[in-house]
Amino acid sequence: MILELLVEIQREFKDFKLEVAFCAGEKTLGILGPSGSGKSMTLRAIAGLETPTQGRIVLNGRTLFDSKRGINLPSRKRRMGFLLQDYALFPHMTVAENIGFGLRYLSRHEAGKKVAEQLARVQLQGLEDRYPRQLSGGQQQRAALARALAIDPEALLLDEPLSALDVPLRSQMEALLVETLSAFRGVSLYVTHNLEEAYRISEEIVVISKGKEIALGPKEEIFRHPRTFTVAQVTGCKNFSRARLKSADEVEALDWGCPLHVCSPIPEDMDFLGIRAHHLSLSDVGSAANTFPCELIRMIEGPFRMTLYLKLLMSEAPVAHHHLQAEITREKWMSLKERPFPWYVRLEPERIMLLRKDSANG
Amino acid sequence: MEFSLAPLRVSVETSIVATGITFFLGLAAANWRTRTSGRRGPVMDALFIVPLALPPTVVGYLLLLLLGRSSPLGKALESLGLQVLFSWPATVIAATVVAFPLMYLSARGALEQVNPSFLHAARTLGASEWTAFWKVALPLAWPGVIAGTILAFARALGEFGATLMIAGNIPGKTQTLPIAIFFAAEAGNMRQALAWVLITLGIASVALVALNTWGRRRRGTLSSTRG
Amino acid sequence: MKTVILAVLLSLAIGSSVWGSQPESQNGSINLTISAAISLTEPLQAIRTLYRQQSPNVSLTFNLGASGILEQQIEEGAPVDIFISASPEEMNALASRGLLLNQTRRDLLKNTLVLICPSSCKVSGFMDLTRPDVKRVAMANPDSVPAGAYARQTLEYFKIYQRIYPKILFAQDVRQALAYVETDNADAGLVYATEAKLSNKVRVAAVAPENSHAPIVYPIAVIKRCRHAEAAERFVQYLSGPEAQRIFEREGFVPVEK
């Protein structure tokens, strides 16, 4: 059986048009996008909780939705395990009853066995007669996961499962999710707005912004080589400038007011430059290529890293506050801060991303 | 009028049947309403609630027109040989019509309060719409539904004006406790009237306590309805 | 489980009631439904007892209420066999719709209109109603109840209706008007003599002159759709007969001269 989920859907809203198309295979697909981009809506459409105006959804060769042929399978026939953001464990049922909710077609004996299996898998044995309100946040999540898996779904859909948890719990659950997803034999989709989470948990990523999918591919590719402005933004790039071609390997950064050497070949449709905050290096030596004197406008101290807001001293581009945002470790800061001015910031050519505008956004 | 326990029997039967019918009809209407968007919803709302706003005698008069000869429905019933006016079923109809809005409003409010996420989850787990309603929405809406049932029963038990109009005052057949009380009082038979009043109070108390206990028992597991 | 119990109870309830409410029992007895004006309550009870001895296979069901409502029920097809109304108007309405067995119609009784007051009486005649210390006057609603219509006619005869209009308490029927006066919630009231007789808490202050209102006549007729026309006609005859008329007289009605 081919393990594949094909999604091509459109839906119009008052001020927003959802139009996504992507394919997911056995590798966990992360759906990454800012809030309001339509990622949760997409997931719900796949699960059958919302109906697109047009399109097709095919899972493992089975058509779940096809507007042209008038097919729209109700959720209960789609065999998807859905883990909702607020878990939605039924408060009037025990954990065991919750997990067994989807198993009503089995005999009591069989269902009982399956429930016990699931309980063991998420390490909730002993809690089967508790009610959801008597469980901790992490336990509730595990119960919800067990409930979704109990029906042996063909696909697993997770809607921002970690966003409601606090940090220590989050890493625990993350480990459980990664394990579960790798053991799961089927298509799995993981929706989140958190780029670290998306990177850590999924293998492939589709980026959705303003209702459109703007990138799809292995996670390394997406993060290391975003092709467009929006993808770079969604994947956490903080420094952007409009760009103009100067020569085969030189570009003028218009918003930063400086010329930069970049890696060739330069794409024809390049409109922007981008560089990640932690790829900027700071020193008091200004000799290498792409190195410019700069002034520290503001510094914000984090627990492990520092964010520095820099202004390029020789820049001809006027700026409201700062040109660049750099991130360095605490240790680096300690050694840097005693150094005499001027400081120099270096934009390594290999790290400069050459981006184009997105077709409808950007 | 001699004193008899017939009004008690008529009232008890009428109220139980009317409340039972109202319970199912009201729940069904409320469930339908929570799943309907668009203009149809508010229009039906108005229709369902209108008996609450009208004086019972007016409701009775409208029912009389609806079930009597001058309406197509009445003519159809007559041709089938079904005599609805002045029959015991007419007392049930009158009681049901006036009690329905109370059940409908309470049930609708309770069902709307249920977090939609629960129903989404139920559907993805393979539940049909009926199962999702019966096993998830209804248990979570139970306190409101019980409240509605209590209101409906009380209203059905006390119904007078509409009943008099379409069922008449026929002792042993359609003379309910409220009607008996009224006519006894009218005739100056205060002792009879009072006796029936006390009987009514007795029934009402027993029934309300029973309904309340039934509601509370099913409610025991629901101290929170958030996910 | 609870649903099952409930369903069983419901069906038992429905079943037993449908069974219990059969108008005809198996041994061939006949049931007549008679819609009658409320002021006939007492005499009809007494007559029922007598008639049962006379014709044991006929059971009588009385549906008592305001004549206007009774008329509407009959018009809408309520299964009534005989109608006794408190004024000719309602009967005429039914006749014009062809709902009566016309040859069975006759005038059954007459009644008189009186002015009553509570035991602490303030009035001694109709003109006293205009006095300022008479604050509330009870009467039945003239638009829907014959007793009210007659009362209004009498008041108009004395030319005081408009004047005392603000102090009038309109009651749903003549019994209610009586109750208002009985309980001292009205200083005076206009009711039938038969009503006044019922209560020892009111006094008759005056009798309305016969020409101050249309004749108060109670017509009776058999309804055309009646299932047992013969039995109905026999009962109508009985009501016009000496035995029944005596009972009516005892309660304060005036028999119709033949």
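For clarity, chains are labelled A, B and C in written order, and residue numbers in each chain start from 1.
Everything that follows uses one rule, which is that a contact is a pair of C-beta atoms (placed from the backbone, for glycine too) under 8 Å apart; a residue touches a chain by one contact, two chains touch by 3 or more.
Bear in mind that the values here come from a model prediction, so they are computed numbers and not experimental data.
Remark: the per-chain Cα centre closest to the mean position of all protein Cα atoms belongs to B. Distance from subunit B peaks, on a Cα-centroid basis, for A. Inter-chain spacing, taken between the CA centroids of subunit A and subunit C, is 83 Å. Taking the mean of the C-alpha atoms as each chain's centre, subunit B and subunit C sit 32 Å apart. For the pair subunit A and subunit B, the distance between mean C-alpha positions equals 53 Å.
Partner subunit B is touched in their complex by these residues of subunit C: 2, 6, 9-10, 13-14, 16-18, 21, 23, 33, 35, 38, 41-42, 45, 61-65, 69, 72-73, 75-80, 173, 175-176, 179, 182, 198-199. On subunit B, the positions that touch subunit A within their shared complex are 115, 117-118, 120-128, 131, 135-136, 139-140, 221-227. Of all the residues in subunit B, the ones that touch subunit C in their complex are 1, 13, 16-17, 20, 61, 64-65, 67-70, 74, 78, 83, 85-88, 164-166, 168-171, 173, 183, 185-188, 214.
Within the complex formed with subunit B, the subunit A residues making contact are 44, 47-49, 74-76, 78-82, 84, 86-92, 101-102, 104-105, 131-133, 147-148, 151.
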